[in-house]
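Before I ask anything, let me first share the structure, which is written out below as structure tokens.
As written, the chain order gives the labels A, B, C and D, with residue 1 at the start of each chain.
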């Protein structure tokens, strides 16, 4: 269900990206192309946030409530890693 | 010519994005999806940098060497704007 | 204990920032100033990551293992919010 | 003149940063600390944008209107570099 929403959003981004490719093919103004690429990145950020939200509610909560210490540490480490990376892209 | 390289890179990103959509359809692990989205964003950043590079060499240089003060101000303002936005996406 | 490490790191950033103020006072080259500001931001990102890491291990784990559903939802929502914000700064 | 404004803004950021150090010393809630650090980063971004703006109007314009091709290429390369970096911090 939730996947359906994510897929829909990513397909919208794909359409947007195809529009940008067309802009470049038609020799659009550079700055306009950069702005559209930035808009795509902002949209992708939103998708990531929504995926993370679902992940925290489901997998992370299950892992932390579970009895497997290694698994608990693993899911928390992953959150830190994607947070660290998110500042860099 | 330069456009050809940009188009090629954007089409590679499009292929990458389609791969991510497939991952979500096949119910891939959330964190793996987020990481792939971050990789796409990093690739888009690189495309923006390359477009800006070409823009500075061509349009901006021409405008600044030209006699139209308004046009000079306009191109410089745009650089500032995309720089400002780049910190936010 | 962990706080001590965070304080030390933030004080290093403060020293770095004071160095940048001095650079501007001494009329340093703009691009060098911008680069130093970017280095400060990268250092601040690292501090945030380390604070988040400690927070996940302690507060978030306690909340999720606890019986208060509202509290669980609150801590997870906060993670999503700082993740969302981290992409914008 | 313009430097005075930049110095004032950076000193405000320094005050903000000292406040954050105090928060950590007083054992403030982790997420509140992260949010304040993100606010500092947003403020630093604004300072960078303003410095770049002044740099484009003065140094870059002078270099591009000048006759030194190497110098022209150098200033443009620097713009591309700080733009590239800005996406990463």
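Simple rule for what comes next: a contact is a pair of C-beta atoms (placed from the backbone, for glycine too) under 8 Å apart; a residue touches a chain by one contact, two chains touch by 3 or more.
Since the structure is predicted, the reported quantities are computational estimates derived from the model, not experimental observations.
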B-C or B-D - the one linked by more C-beta pairs in contact
B-D
Comparing contact pairs by residue number, the option in C-D, A-D or A-C matching A-B for over half of them is C-D
For chain B and chain D, let me know how many angstrom lie between their CA-based centres, rounded off.
21
Any idea how many Å lie between the Cα centroids of chain C and chain D?
17
Using mean C-alpha positions as chain centres, tell me how far chain B is from chain C in Å, no decimals.
27
Chain B touches at least 2 other chains through residues 45, 48, 52, 82, 86-89
For the chain D and chain A complex, residues of the former touching the latter
87-89
Hey, which residues of chain A end up touching chain B in the complex?
3, 6-7, 10-11, 13-14, 17-18, 20-21, 24-25, 27, 30-31, 33-35, 37-38, 40-42, 44-45, 47-48, 51-52, 54-55, 59, 78, 82, 85-86, 88-89
In their shared complex, chain B is touched by residues of chain D numbered 45, 48-49, 52-53, 56-57, 60-61, 64-65, 72, 76, 79-80, 82-84, 86-89
